[in-house]
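Contents: one structure, followed by commentary.
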Amino acid sequence: MKKFSALMLTLALTAGLLAGCGGSGEEAAPESGESGAKVVKIGVYEPQTGDNGPGGKQEILGMQYANSVQPTVEIAGETYEVQLEIVDNRTTPENGPSAAAELVNRGVSVVLGSYGSGVSVAGGQVFEEAGVPAIGVTCTNPQVTSDYDCYFRICFTDPFQGPALASYAYDGLGVTTAYTLAMLGSDYDQGLVHYFTEAFEALGGTVISEDFPEGSANFVSYINNAKSAGAGVIFAPVSTNYAQLIIEAASAQGFEGSLLGSDTWDNNKVAESAVGKDVSVEVTTFYQEGGDPEFDAGIKEWINANPDAKTNNGGNDMVAAVTVMGYDAYFTALEALKAAGSTDPQAVMEALPSVTYEGVSGHIEFDDIGDAKRDQAYIKTANTETGAWDFVKVQGVE
Amino acid sequence: MTKRNKTLFTAVVLAAALAASLLVDCFLPSYHIAVQVIQKATVYALVAVSMNLLNGFTGLFSLGQAGFMLLGAYAYGVLTIPVDKRASVYQYFDGGAIHFSVPEIFSGVLGETVGTTVGMLAALLVGGLLAALMAYLIGLPVLRLKSDYLAIATLGFAEILRAFFQWNALGPITNGSNLLKSYPAFSHVTPYVVLAGVMIAFIVLLINSTYGRAFKAIRDDEVAAEAMGINLARHKRMAFVISSFFAGIGGGMMAMYMGTIAAAPFKSSLTYEILLIVVIGGIGSITGSVLASFLYIFSSEWLLRGLDAGTFLGINAPGIFKNGFRMAVFSVIIMVIVLFFRRGLMGDKELPDLPDMLRNGIRKLRAPGRGKEAGK
Amino acid sequence: MQEILPYLINGVSVGGQYALIAIGYTLVYGILRLINFAHGDVFMVAGLVMVYTTTALPMYAALPLVLIATVALGFVIERVAYKPLRTAPRMSLMISAIGVSYLIQNLAFYITGGVPQPVTVPIPWISENVLLFGQSTKRVTLVTPVLTLLLVVGLVYLINHTRMGMAMRAAAKDFETAQLMGVKINAVISVTFVIGSFLAAVGALLYFTNYPSVGITSGAMPGLKAFVAAVFGGIGSIPGAVVGAFIIGLCEELIKGLGYTTFSDAFTFALLIVVLCVRPTGLFGEKVTDKV
Amino acid sequence: MSGQILKVENATMQFGGVVAVDNLNLEINQGEIVALIGPNGAGKTTAFNVVTGVYQPTNGAVWFREQKIIENHPHGKMKKLYKGQHAGEYPQVLAPTPDKITKLGMARTFQNIRLWKSQTVFDNVLIAKHCRSTSNFLSAAFRLNRREEAEQRRSVEALLETVGLADVKDELATSLPYGKQRRLEIARALAAEPELLLLDEPAAGMNPQETDELTAFIGQIRDQFHLTVFLIEHHMNLVMGISDRIYVLDFGKLIAQGTPAEIQNNKRVIDAYLGVAEDA
């Protein structure tokens, strides 16, 4: 009897499967929205779960806010309603292809994302084959755009960010020995450390590099290693969760130098975890709150009015740089749709290279590879009293 | 059902599967979700069957599958990345230490299309052999251990392997923590189905041979098996090595499917996932493992995505259908199977028994009162 | 000496945390011959409960609640997932344990939304910084090993000098005979899980006070390491688990100190395999022979 | 037809401080049926396990067809603990695993039936043929061993016919009644093509009628397969009715040997079985 029930379970699932096939096979032609207007779909390819879940969610917030500000777009004289299709790529490359295929399957005209370069590269293959253009929002690894014609990017890249940080540490902080800490198996961490080390050594400094295994929680020994190496700065371009652990350990061990982080550190949680501690935390990022007061006020109001959004933002209304980038990416996509004069992905892809847009985070314009032309990063420091990010300076590469 | 009818039935089902995959290739573009999902499911099916050979048929509780897949995946990637792409892939390691690409070597001899395919298959094979070799070495000390100790030791080996592949000192070969990519991959469904099908067919043949019977004897009673002249060490090692060989090939195919290779996905959680697929299908049933792989991957990657996204079967409840609900529902189903349907979907039955199972099921459904007696 | 001191202090602290988890493994294995794969996740749940209760309730109410909730979870897991499989082959039991682990992680994922939950209200006093031999460290670093040893002494007393302890020893020695001799085996097993979960909860309180957040996989690594510690010390033996845990904690931190950070986890597993192959019964384990 | 087939020489088996078999010496000639008897816990099964390679003796040697197959001396921890005799006489270590011994031509049954539960009667016997198979896994998987496989199947059919289990060959081994399971175990051992068959309490749990049938059966297969039989048994009817010679073990020591008639009248044997007061 049990076996039979199990069999019935299978049959039921199989039936569901067939039903699923029927429902979702077709290429989506322009559909009609609730208001009767035509709909254009923008895919959101972001992690909502896994290590990069928090970051991905904040990036989505920017897009959702942008969507609430500008829910329609004028394409070839017709008004289209913009619909965001959000699919979770779960942070890891092995879930990338199917998540990307799901987006293509839903008939999106252009894709935004992802937070995290590895999963972007993994999904890029599918977008490339399907001929759907993608706009990287905060994935900074150069390979994302160099590998695929379909991939564009609106943020700076690691070959810029690494040297910018190195030059800030060497010239700005006057440090000659740096200790780098990266997670084993994270291409983002390792890549950034690579560019940082290259530049820092070229400037005349010494770098000690160490890795920690995924899932580590105790960073005390690493901080001790940094101390005994005489490092004036710890550069750890790790995900937000590990960033908090490192700050915690550094303060417990009384590390006196600076903790240097990359764009991933630009997160409310990280700033908050430095509150009341004797540490100095500095990060590079894409945007500094206060850069556009009107925008800040608007998004804060929206976040506060929207409990889900507030939860996803980490429970407060601080504006993360990735959120701003998400916002700009949305509008860049709208510009591309307008320029293409069509919802056809191919047309959008052809229109993208020549799109320019004055975003909140600055001027956006693509080069030959598809990268944004950016030569400045913002340096911020965590205020250990308020738990907010304070602006330090604008950093370029010298 | 007579034996002849059973064979006929099996042949028809297999032919239908092949035809279906050809149809998918004809009518759906390679980026279609169905294509992605079928590819992933076939890979999982192969790995699940290889695990079943070990855990289900030989009774060796090994949790090292992810490690062997890792080996296969890396071997495939390292050997097939085109030479002119190596500089960009191994960007932090000066183009890496290996300056040839197996498919390119073969295409120099056999021509572009044939050569590339042969080269890809050869790389898969190397991956499998590498995994088999590693299994042989690991097996020497580890296979003497009893059930749960074996499980934990193989799990440990997989973790050690992962650390090695992420080690920067090996970077010129493994690219350290960075992705391997730009390697050739089959973009259609049929190569996956055929490849996995051939491998699984071999495993089925092996299981039904005198060696397969010896494996089952070891599973049922090790002491009796040894007393009847079955060399335990040799047969266990054989099962371990063969299973790992196919896990290695599965890893290579997984690499093809993913388009990028990193060590991170090959964690113990991957092994657990595959183990649970084996359990859902029925420990000791090849057909069960294959069916369960398809069910699992189809639902998790495609059909039940709605459970996470707010709307499922037309019911809109964003409060309940939020991130993680899909996996929560899954794990509840798995626990129900583990506790109440311990034999899984198929028990130890195989494809040829399916019509009889269905017929019995219907008969029981018609006469529920007598069902219990008939089912014994 | 001054140079390795911080590593030693940290190693002892880490070892104490592993020890509290390792005892749970070793007790359950001693009686059921089961690697309770879900134990690390019970540990993680204790951490999550701590996060939720300490934000909502005052500390004196929150902490007991964490202990009670964790103990209840351990009890329920045993009753629901392991008891029905008492007569089933060991492999089914182990699969069930892996299934429970998978279930707990996925449920926690669903509840937390897959986002690590910040520890906003750390337990006072023990999370303050103190100076030890001129090294700055948190007070919990010192409290953990001391508390661990106290709890272990208590536990050993319980096992050696009470009726329930006697029943546990009997069940560990020979499950079936103990049952025939009138030992209420289900009660004994439940008590075992309750003790194991209680210690895991204490461990979680000490562990997560140290850290800013609790993620759904936060329990996996400490759990696995603690299990290795239990095997290393000789599974089934409580002193063995404790000694093993401290050795592993110390080794791990010293290896990091030597600069082999890439292999700090791998080393633990390598140690496990070497122990299993050379001396499968661990440091203090008893030898068992199969009856033909 | 005569000639020695098995010789156990000064075999001692010690578990920690407990001496389970103490300086055992016995010889079995080709074609004989020899019984090993003794009260519960006398070390009979341990002796069997030593002979079949399940245990490595602490000291002593075993010869099969006048070839030394097992030898060991106290070493390691046992060196100090050893309580037996002849410690210095066996310098070599020969410790083949049970499967090797089976391949040499010895097969056994178990006291508590150990059939392969999920296999049919037919497969249980067929699997025992595996050790005589010459194919490797590739040739077996690709069915290049068809002739050998067919040959094995034929001989298993014949064997099942002989032992009277042909009519239940497709049933699960565990679904058979107890007596038939015992028979199946013997059939399985026979399939391994032994010269020496070791039966560990073949009549345990059988009623008198079944025991009589078994007695006849053992005689029958001995003749048919030209076997030598070495058995452990408690049913004295069976032992006395079938054995050519008997060895008696008590507390690990050999206390008597001889023909059934001699054993029946041996005072030490009677004392051992009935128990005798310490001071008597």
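Order of writing sets the chain letters: A, B, C and D. Residues in each chain are counted from 1.
Here is the rule we use: a contact is a pair of C-beta atoms (placed from the backbone, for glycine too) under 8 Å apart; a residue touches a chain by one contact, two chains touch by 3 or more.
Computed from a predicted structure; not experimentally measured.
What's the chain with its C-alpha centre farthest out from subunit D?
That would be chain A.
Looking at contacts between chains, which pair has the highest count of C-beta pairs?
Max contact pairs: A-B.
Taking each chain's centre as its mean C-alpha position, how far apart are subunit C and subunit D in Å?
From the centre of subunit C to the centre of subunit D is 47 Å.
Suppose each chain is reduced to the average of its Cα coordinates; what separation in Å results between subunit B and subunit D?
So the centre of subunit B lies 43 Å away from the centre of subunit D.
Can you compute the centre-to-centre distance for subunit A and subunit D, using the mean CA position of each chain? Integer Å is fine.
71
Provide the C-alpha centroid distance between subunit A and subunit C, rounded to the nearest whole angstrom.
The answer is 36 Å.
Among all residues of subunit D, which ones touch two or more of the remaining chains?
Those would be 54, 110.
Mark out which residues of subunit B touch at least two other chains, giving numbers and ranges.
Counting only residues that touch two or more other chains, subunit B contributes 163, 166, 168, 223, 323-324.
At which residue positions does subunit C touch at least two other chains?
Residue numbers touching two or more other chains: 109, 113-114, 262, 265-266, 292.
Over in the complex, which subunit B residues touch subunit C? Could you list them?
Touching subunit C: residues 55, 59, 61, 141-142, 144-145, 147-149, 151-153, 155-157, 159-160, 163-164, 166-168, 223, 272, 275-276, 279, 283, 322-325, 327-328, 330-332, 334-335, 338-339, 342 of subunit B.
Which part of subunit C faces subunit B closely enough to touch in the complex?
Per the stated touch rule, the residues are 33-35, 80-81, 84-85, 88, 90-92, 94-96, 98-103, 105-107, 109-111, 113-114, 224, 227-228, 231, 262-263, 265-266, 269-270, 272-273, 276-277, 280, 290, 292.
Which residues of subunit B touch subunit D in the complex?
202, 205-206, 209-211, 213-214, 216-217, 219-221, 223-233, 238, 242, 284, 348
So in the complex, the part of subunit A that touches subunit B is made up of which residues?
Within the complex, subunit A contacts subunit B at residues 1-10, 13-14, 16-17, 20-21, 24-25, 48-49, 86-88, 92-98, 100-102, 104-105, 118, 121-122, 124-127, 129-130, 142-143, 146-147, 182-187, 189-191, 194, 211, 213-214.
What residues of subunit D sit close enough to touch subunit B in their complex?
Residues of subunit D touching subunit B: 52, 54, 97-100, 102-103, 107-108, 110, 114-119, 123, 126-133, 135, 137, 140-143, 145, 149, 152, 188-189, 191-192.
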